[in-house]
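In what follows, structures are represented as structure tokens.
First chain A sits with chain B, and in the next complex the same chain sits with chain C.
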Partner chain A sequence: MRVMQTSRMLAVYFWAMVVYLIFPILIVLPVSFSDNELLRFPPTAFSLRWYQSYFNDPVWVDATLISFRVAVVSMVISTTAGTLAALAINAAPKRLAGPLTYGATLPIVIPHIFIALGVFILAIRSGLTDNEMMLALAHAAVAMPFVVLITSAAIRQIDPTIARAARVLGAGPLRAFRVATLPPLIPAIVAAAIFAFFVSFDELIIAQFLMKGSETLPMRIWADLRLDFNPTVAAVSTLLIVVTSLAMGVAETLRRRAARTLAP
Partner chain B sequence: MKRISLIWLLLPAVLLLAAFIVMPTFDLIRASIFDPDFTFKHFQRLVERGVYIDVMWRTVRVSLIVAVICTIVGYPVAMFINLQPKKRQVALLFLILIPMWMSVLIRTFAWIVVLGREGLINDLMIGLGMTDGPVQMLYTSGTVITAMVQIMLPIQIITCYSAMTEIDLDLMRAARVLGARRWQALTRVYLPLSYDGTLTGLVIVFMMSMGFFITPALLGGRQDMMIANLIEFQVQHLNWSFAAAIGIVLLVLTVSMILLLRWTGRFAFRRLLNVGR
Partner chain C sequence: MAVAGITFENVTKRYGAVVALDQFNLTVAPGEFMTFLGPSGSGKTTALNILAGFTGITEGDVRIGEKSVVQLPPEQRNVGMVFQSYSLFPHLTVFENVAFPLRLRGERGASLETKVRGALAMVHLEDFGKRMPNELSGGQRQRVAFARAVVFEPPVLLMDEPLGALDLKLREQMQLEIKRYHQQLGCTIIFVTHDQGEALTLSDRVAVMRDGKIAQVDTAQDIYDRPSTRYVAEFIGRTNLFEIEQGQGNGWSIAALGTQMAPLDGHGAAGRTLSVRPEKIRQIGQGDPDASIVFDARVTDVVFQGDHVQYQAVTSGGAPLTFQEHRGHGARLQQAGDALRLGFDVADAVPVQNQ
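On to the complex of A and B.
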């Protein structure tokens, strides 16, 4: 149902803004298939040489693997800690829920550079620079607020009487949680995990400060953009654009579905 | 639920935040005022040198410009989505959400491809005979702001939109039925009801812009350095204590500007609509 007539001008404006948001990203795609050394547009001839140079260069491949490892560990930690915290926040007395949510989502308001610097100084003092686990934990702390927000929204939609019914029917608290509370939360938790993965996978500054000997993928891209500019970055970017879009499409769909099916 | 089990559920999150957010913050404060004895010399250096004041002032100014542009540009976008049928809203939101989750590094790189010497815009302009040689667009302040707005805009749109979904659109219809013109219904009903969410969006964009690092470094020149770039520069030159002092100033500046923006925002709202007297 059309609630209010929106003028055609507003529609044109909307699509112009969509172009502004998406067009620069799409431009990267054709450049990655260019055969030219320069970031020239339009590309002169089609080639896959920049994809070859990405997949054949151990520096790029290693960087990707490190980022992947760190992101998976960080995702598991932040999703677990964030989901548990969200459950606690929603079960807590009303007057505590507000302060707890503020506390758990605190890192969102702190600039990454500030966190990076703090973690860096901490790592120097404890001799833990260049440590992948340290980086994964720092990323987990940054990603956790998003997990709390997404899973909290889903938990609020759950009908608590189902878990209570399970308890009445003789299930212990853990079993009631497993059979009644957890299943409807799975889509939201998976969505949160995907977001958390990319928070870590895309993060540059904390990694830049913490890692010296080894490089994550954003660090490699960063170094390339600053020094010898070549379309390998465009090939990597294209791969990332495709993967991120697909993953985010899945995550958003799951999040929406969770919100819809759980609504009473 | 029992209090004990609540504490157990919260424990991993608390440990994570304590170890990687709270403790490092205290470490930063300590590093900025002990070197090795108690001293304010790092803060003094920061306020005494004109260059540093320039960087701080620029960071606040650029962030404010980006936040205001995002608000003005994003509001009609959010409104357009909110006025569509529900099914269509979901599809349109995807168009905003996908770029929002794209890596800032890649979105910044994309602007290099568009605006570079051999980039799309220069190619077009030369092709159309609008200019003889490539125009220098990278490493200028305008480019930094254009890209920052593009990167932050989805956040403003989504925040605005969430606030707008709470508005009962029947109120708009009622206003129209009672004889209000379209713009009257908009400014007297829709705008006041979405004001708070819009202000929240502005504050969030401002806050995130204050910590921007990648975009000014890649798209700006020396004259576009922001606080985060200054911190990185100092870390590379091993001036950790000084970097820590700058970090603290960044946080204090950000928080006080947020409070100021919220306060003036509320005040302006009351004056504008003559309510709450």
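On to the complex of A and C.
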């Protein structure tokens, strides 16, 4: 009897948490399909007009393209740097692995607003405000810890003697890296890259500090909410949620498959 | 590729203050199956990694054939290697794993295909070429690793505890296979293990290692029958060790057995102990042939093991003793507490250094 009660309470708790976590989506999703002029919940009529308005408005499309460019550059930088850092941490003496991992993942524990402030001061001094490259670099720093953590986990799964096997069978150090060490890591690296892309694509605070004339998508959403308050924001958000969850799903599948094939 | 011998000449490897290999000298004949046997930390893996080129040396010289390899990186040494963890490339098929060293040596097309198929046939995996490593059992993976290590016909094959990850039954089966491969290929094999049974089964010669040095290097049979030190006698198999003292005149006195014996060789008893294997000690009774050394003992424990029985006993001199009896001809099982007359032949007793 008591067991039954406990498990029922756990079920209630579980569903309460699920609703809590996806609550924003439950609001945004119906609103995006509404036919009302103003953001209003629940919607009283339904249409696709706000999706249309998003795709037809050059301001929204430009903001999306800027975010996309910044995210791609940031993804390339953070994935390369993060993967190399993870390899270095793995190759370092054991007593250094802890401090190095901590150092490489530090941006996770620093609030974005401080990073934003620091980068902002740097940008003003070097005259690089409103510069997409500067923003991409800042985003890369914020995304790199995730890359380090994801690829480190995959590197630890790999049998360390595989690279040695490649060497003794006739491959030089670079070749051993390319043919033995790197290929098993590729699924994890792709997963990390997708993750890094969205860290940048969704980021608002640093962009808000750095950018002036040109707007990223999160900046546009933020500005729109304050000025306009029409359901285009909800349509954009819904699209973002769908694209992000699809990509994360792909990333997670890749990561799991990698873990499975690498398992000894 | 011709088979090559291996020479370690005064090789020392230090890690800071730790000496992993200490003035190591060893010559391995071309085509010989040599096993490095020892506990962990004895230097056996260090010696193997030095041969492979993964570990540098502090002093000395290492030669494969006539050529010093000290300056060569692993990829230029042309040795095959099998690892305990198989170390197959997880993203490559079995075929591509085996083809890997051949491709690096510029092999292409039909010749590559033939060689890979030949190597896979040797390890009985001809139909597994398209599989991925994670679809194979441990034994199959180790066979692929073996095929990959020998497909380019290296003059020297290194094996680092290759059977350590397999279960007992598979291990015994793989031992026989490795023996067969060695006969087929004829290459020089350096085999590292801490399993003495494996060492005795496989090797032409065994180098028993301790603290970065060779305690004894000999054929498997001589290592077992003629250990040179107390350490080797105890590390390989079981043995009984009896203190010996210089008795009257030239003779040796064994207090534990309460007997005297003539010296076994020209040397004195000082610094030495007598080693007698449990299966060399037998009961002396009516009708049984006499032995050269005879003493009284009392059984304290009986361990029944099917085809043989192992007895723990105490001699009249108070020394514990183990002896073993095969149950060939309906030998009567002794009970704890039974008093027995035991003996062994001097030819079966080996004086060993107290090291």
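By definition in this document, the second predicted complex is superposed on the first by the 256 of 264 C-alpha atoms of A that agree within 3 Å, B and C clash if a C-alpha of one lies under 4 Å from a C-alpha of the other, contacts with A are read in each partner's own complex, and residues count from 1 in each chain.
Going forward, contacts are C-beta pairs under 8 Å (C-beta built on N, C-alpha and C of every residue); 3 or more make two chains touch, one makes a residue touch a chain.
Everything quoted here is computed from the prediction, not taken from an experiment.
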Fit or clash between chain C and chain B when superposed on chain A: fit
Which superposed partner A:Ala207 touches (first chain B, second chain C, both, neither): neither
Which of chain B and chain C A:Val70 touches, first, second, both or neither: neither
Chain B versus chain C as contact partner of A:Arg164, first or second or both or neither: second
Which of chain B and chain C A:Thr80 touches, first, second, both or neither: first
Contacts of A:Ala196 with chain B and chain C, given as first, second, both or neither: neither
Dominant toucher of chain A (residue count), chain B or chain C: B
Minimal inter-chain CA distance - chain C and chain B, angstrom: 10
Intersection of chain A interface sets (partners chain B, chain C): 173
Residues of chain B touching chain A in the complex: 1, 5-6, 9-10, 12-13, 15-17, 19-21, 23-25, 27-28, 31, 73, 76-77, 79-81, 83-85, 90, 92, 94-99, 101-107, 109-114, 116, 118-120, 123, 150, 153-154, 169, 172-173, 207-208, 210-211, 213-214, 218, 227-228, 231-232, 235, 240, 243-244, 247, 250-251, 254
Touch list for chain C against partner chain A, complex: 52-54, 73-75, 77-81, 83, 85-92, 100-101, 104-105, 132, 134, 148-149, 152, 158
Parts of chain A lying in touch with chain B, wherever the complex brings them together: 1-4, 6, 10-11, 13-14, 17-18, 20-22, 24-25, 27-28, 31, 38-42, 77-78, 80-82, 84-85, 87-88, 91-92, 100, 103-104, 106-107, 109-115, 117-122, 124-125, 137-138, 140-141, 144, 148, 173, 195, 198, 202, 204-205, 208-209, 218, 221-222, 225-226, 233-234, 237, 240-241, 244-245, 248-249, 252, 256
List of chain A residues in touch with chain C within their complex: 158-159, 161-162, 164-173, 175-176, 179-180, 183-184, 260-264
